[in-house]
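Just below sit the structures, each encoded as structure tokens.
First subunit A sits with subunit B, and in the next complex the same chain sits with subunit C.
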Partner chain A sequence: MDKYLEMIRIRFLMMLAYRTNYYTGILIYAINIAAYYFLWSAIYGGKQTMQGMSMEQMTTYVAISWMARAFYFNNIDREIAMEIREGNVATELIRPYSYLGMKTMQGLGEGIFRLLFLSLPGLLLVALFLPLRFPTDAHTWIFFILSIALSFVINSELNLLAGIVTFFTLNNEGLLRAKRFVIDLFSGLILPISFYPDWAQAVMKYFPFQGISYIPSMIVTESFQGQAIIDGLLFQFVWCALLIIPIRLLWRAAKKRLVVQGG
Partner chain B sequence: MESGEKAACRSRRVSRVLRIGFFQYMAQYMKTKLQYRADLLVEFVSDLMSQAANLVFLLVVFGHTSLLHGWTRDEILFIYGFFLVPYAVFGAFFNIWDFNERYIVRGEMDRVLTRPVHSLFQVILERMELESLLGGVTGMIIMAYAGARLHLSLHWYDIFLFILFVLGGALIYAGVFVSLATISFWSDARTSIMPMMYNISNYGRYPIDIYHRVVRYILTWILPFAFVGVYPASYFLGKKEWYGYAFLTPIMGIIFFAIAVCLWNAGVKRYRGAGN
Partner chain C sequence: MNAIEVENLRKEFKSYSSRSGLVGAFRDLFTRNYKIIRAVNDISFTVKQGEMVGYIGENGAGKSTTIKMLTGILTPTSGKVIVNGMNPHKEREAFVRTIGVVFGQRSQLWWDIAVQESFRLLKKVYRVSDKDYNEHMNHVIETLDIGPLLDKPVRKLSLGQRMRCELAAALIHNPPLLFLDEPTIGLDVLVKLKIRQFLKEINGKYNTTILLTTHDISDIEALCERVIMLDEGKIIYDGSLQKLKETWGEGKQIQFTFVSEMSLDTLKELTDGLQVTWKQGEQANVWTAHAPSALLPEVISRVVNRYSIQDLNINEISTEEIIRNIYEEGVVHG
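The block that comes next holds the complex of A and B.
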């Protein structure tokens, strides 16, 4: 356990060394949210609510989704792909820890760093000039924190899956890009799932994507109440557990047919 | 007299280097691409998916409203279709997302600098992704669909303006992203600016008048992505109030790309190589 905590710490410190880069990131993040705010204002066009959400809730939804994204987003799929292409994965595999576990911990270190140095200052900056409304109820915050932790797990599991697929295709830049776009769209990052037509919502119930962004954002904007919160968290839990199965199976198959290029 | 001959000889040699260099890069490019055939297909499909994602956003939103600040669904689709064309040209020739990782951190830049062709030109050739041009075809299909529903009438010279606007838009994109890539010369830290800038660039494809004037100013003069989508597209949509901006597109493209090249040259001068 200690070694995994150490991995989080080291990745965090590694990111910390480059923190100056994030000052511009905060500014760009703010511009990003603001532009979405204007887009949604135009979409609301004076309407009080759309799909049960007020303009204020929608603004908060957008700001929080992007903040959360900085936390759960990581490039471990790309890192795995690169380590396979360069053959480094061979040395990683003989080390005394789980390779996938290490990757996840590095992603967590990175996420915590971005949360502290990008998301929180960015959110404060945005709150200065946009009408955001945060919940005052402590329970909502607890549910949100739980939900966002599960978001990280689901997103990392999907990243690990995509990374492992690299073992079979060797160069899967296109696949990684496609995965990113599917997640941006169907996770509810750019559009709450409740805006989709009913049939699409029904289909999306069978995919893990809304567990990444939609559920935590709906919880924190208080668009989910009571049973909806519990259902959302359960949905996330179930997917966290389910996704372990394909990862295990693929990882076992991948190790068997690992070809270290140039080796 | 003698120096003139020398110069002529040198320019002949440079042009030969350029010509050979270009075709060799092309041949090498085809070889590497065909090596990973399955990946080529995946990449093409992923391009289509990314456009589908954006279209889904528009279509879903217009399922709840009929006008976006006075712009109809088809007008906004048309702007999006147009935006895809310069974006595809940019994507095909300026694939510099991972410049920092690939050239600075791993020291590839040292190799590039030992060669007798401008380093930016080499990086562009090495990282060409011509299959991105297919995205432009999708864009034109969307424009044709939206244009037909809007009953747009075109003049014979509109095709030339279209090409000019597309080149201008692609140069603006190239200018911004090459400038960002040059940050690597000053600091080899990893940065998340590029993907974020990509998000910002998307706002150029919505009507500029929905934004606050500060944002409008930024999208026009500082990160001029409005010139990639809404301004030039307004010309074809016959929105006369934006004509002035539409015709500025190629000029903005040249200015921003020139700035990027200057930054690049300054960066190369300052570059000390990887390692010690």
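The block that comes next holds the complex of A and C.
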């Protein structure tokens, strides 16, 4: 366990190694939240509620979604792809640790760093200008923390899957881009799932994407109540468990197929 | 105890060749021409604990592929590999604790952070106790002279500095077996000497087995008593370096610089009846005679009596030349 904690520390150091990235990161999060706020104010016009969400709830939804994204989002798919393309995966495989486990820990290190040092300051900055309303009920926060932890797991599992595919294709830039877009769209980051047409909502029940952003954001804006919260968490949990299966299978096949590029 | 046992080891890669032209590129979208390439072809050898073995071969001979199979990175297509008593691929996590690896062409330190942070992580990864770490690594750091580099990020180090740190990183858990894949590539003479000295020292102190691949024959000469030579995936020589020199490096080379241009025929005629081979040097008036040591005076006297020369050099045949000769002929006799 020690080594995994150490890896989180190393990732912190790496994120701090480039200060400009850090400052522009805060700005980017603040700009994104503000842009979506203005977009939604235009859409709401004078209306009180849409799909059962008030303008205030929507603003909070947007801000929280982006904050949560800072935590669950990571680039481990790209890193795996790059390590395979450049052959550096060889040096990872001579270490006595699980490669995928270590990658996930790096993602976690990155996530915690972004959450604490990018998106919290970004959120505070935005809160000065926009009317955000955060829940005061401690239970909501506990459910939310549980929920974004599961978001992180689901998103990382999808990233690992996309990364492992590189073992077979050696270059899957296109796939990674498509995956990122699909997640932003279908996770409810850009548009809450309840705004989609009924048939699309029905289809999305069978995909893990809403477990990434929609569920934690709905919990924290208190749009989900009672049983809906439990159902949401259960949905996330089931997907966390289910996604382990294809990762295991693909990883086993990938190790056999491994070709180390160059030298 | 044998550190490495390899039997009929084979690795095949599937590679595809691209068709030419635009039409060919479209056809490649649907079907591809596959070709099976055998990078390592049924090799067998064993290495005893404490041996220092040079594993040499031309580019693409299969050296790196073998090392990758021995370290558990690649799965063999067929054959048996037992390293440190384990199957590297099957028991990867337990196995890699018993080896250290340096890939000269890739860094295993984290690029953006200070060297000591990488060391600290590796210390945790290999579960090295503080006591062992201090005892062992302080010595390593001192011998390799990397103390002042520890707080610098890896990207700011020169190649020689980085390489010494890489070597130290591979030794954090003091492994009984060390794989070095071209560790001295691109390094200056002083750093090379330092690294060789250090490798000798740990081999003497801990009886560490070292398998070394390199293109620099002087590395092998300085370190290894035994060489394994690979060509097109097959072992063409496995034995002592000394014996290789004796059987292939017999005799001397005499380089003549004549005043005027010479032809092979006239020289052959001159040394008719003697066991001498002639080779032309870089210019038409420079020729090298390869002859057994006993014939040296005879060859020289015949040449200088007939023709006027500007210069004359007598050389031992270098290991590098021996190896080049072997590759040119393909197999090793005896």
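The rule we apply is simple: the second predicted complex is superposed on the first by the 260 of 263 C-alpha atoms of A that agree within 3 Å, B and C clash if a C-alpha of one lies under 4 Å from a C-alpha of the other, contacts with A are read in each partner's own complex, and residues count from 1 in each chain.
Here is the rule we use: a residue touches a chain if its C-beta (ideal position, glycine included) is under 8 Å from a C-beta of that chain, and two chains touch if they have at least 3 such contacts.
Bear in mind that the values here come from a model prediction, so they are computed numbers and not experimental data.
Novice: Assess the superposed three-chain arrangement around subunit A: do subunit B and subunit C clash, or do they fit?
Specialist: Once both complexes are aligned on subunit A, subunit B and subunit C fit side by side.
Novice: Where does A:18 make contact in the superposed view: on subunit B (first), on subunit C (second), on both, or on neither?
Specialist: Both partners.
Novice: Answer with first, second, both or neither: which of subunit B and subunit C does A:10 touch in the superposed model?
Specialist: In the superposition, A:10 touches subunit C alone.
Novice: Which partner reaches more residues of subunit A, subunit B or subunit C?
Specialist: It is B that touches the greater number of subunit A residues.
Novice: Could you look at A:227 and tell me whether it touches subunit B, subunit C, both or neither (first, second, both, neither)?
Specialist: The answer is neither, since A:227 touches no partner chain.
Novice: According to the stated criteria, A:136 is in contact with first (subunit B), second (subunit C), both, or neither; which is it?
Specialist: neither
Novice: Going by the contact rule set out at the top, does A:256 touch subunit B (first), subunit C (second), both, or neither?
Specialist: In the superposition, A:256 touches subunit C alone.
Novice: Look at A:88 in the shared chain and tell me whether it touches subunit B only, subunit C only, both, or neither; answer first, second, both or neither.
Specialist: The second partner, subunit C, only.
Novice: Specify the angle subtended at the CA centre of subunit A by the CA centres of subunit B and subunit C, expressed in degrees to the nearest 10.
Specialist: Approximately 80 degrees at the subunit A centre.
Novice: Touch check for A:2: first (subunit B), second (subunit C), both, or neither?
Specialist: A:2 sits against subunit C, while subunit B stays out of touch.
Novice: Thinking of the overlay built on chain A, is A:96 touched by subunit B (first), by subunit C (second), by both, or by neither?
Specialist: The answer is second: A:96 touches subunit C but not subunit B.
Novice: Of all C-alpha distances between subunit B and subunit C after superposition, which is the least, in Å?
Specialist: Minimum over all C-alpha pairs of subunit B and subunit C: 5 Å.
Novice: If you lay the two complexes on top of each other, which residues of subunit A touch subunit B in one and subunit C in the other?
Specialist: Touching subunit B in the first complex and subunit C in the second, residues 17-18 of subunit A appear in both lists.
Novice: Hey, which residues of subunit C end up touching subunit A in the complex?
Specialist: Residues 13, 64, 68, 71-75, 92-94, 96-97, 99, 101, 103, 105-108, 110, 112-113, 117, 120-121, 124-127, 153, 181.
Novice: Name, in rising order, each residue of subunit A that touches subunit C in their complex.
Specialist: Answer in residue numbers: 2-3, 6-7, 10, 13-14, 17-18, 87-88, 90-91, 93-98, 255-256, 258-260, 262-263.
Novice: Under the definition above, what is the set of subunit B residues touching subunit A in their complex?
Specialist: 36, 38-46, 49-50, 53, 56-57, 60-61, 63-65, 67-69, 187, 189-193, 196-197, 199-200, 203, 206-207, 210-212, 215, 218
Novice: What residues on subunit A touch subunit B, complex-wise?
Specialist: 17-18, 20-22, 24-25, 28-29, 31-32, 34-35, 38-39, 41-43, 45, 47, 50-51, 114, 118, 169-175, 177-178, 181-182, 184-185, 190-191, 195-197
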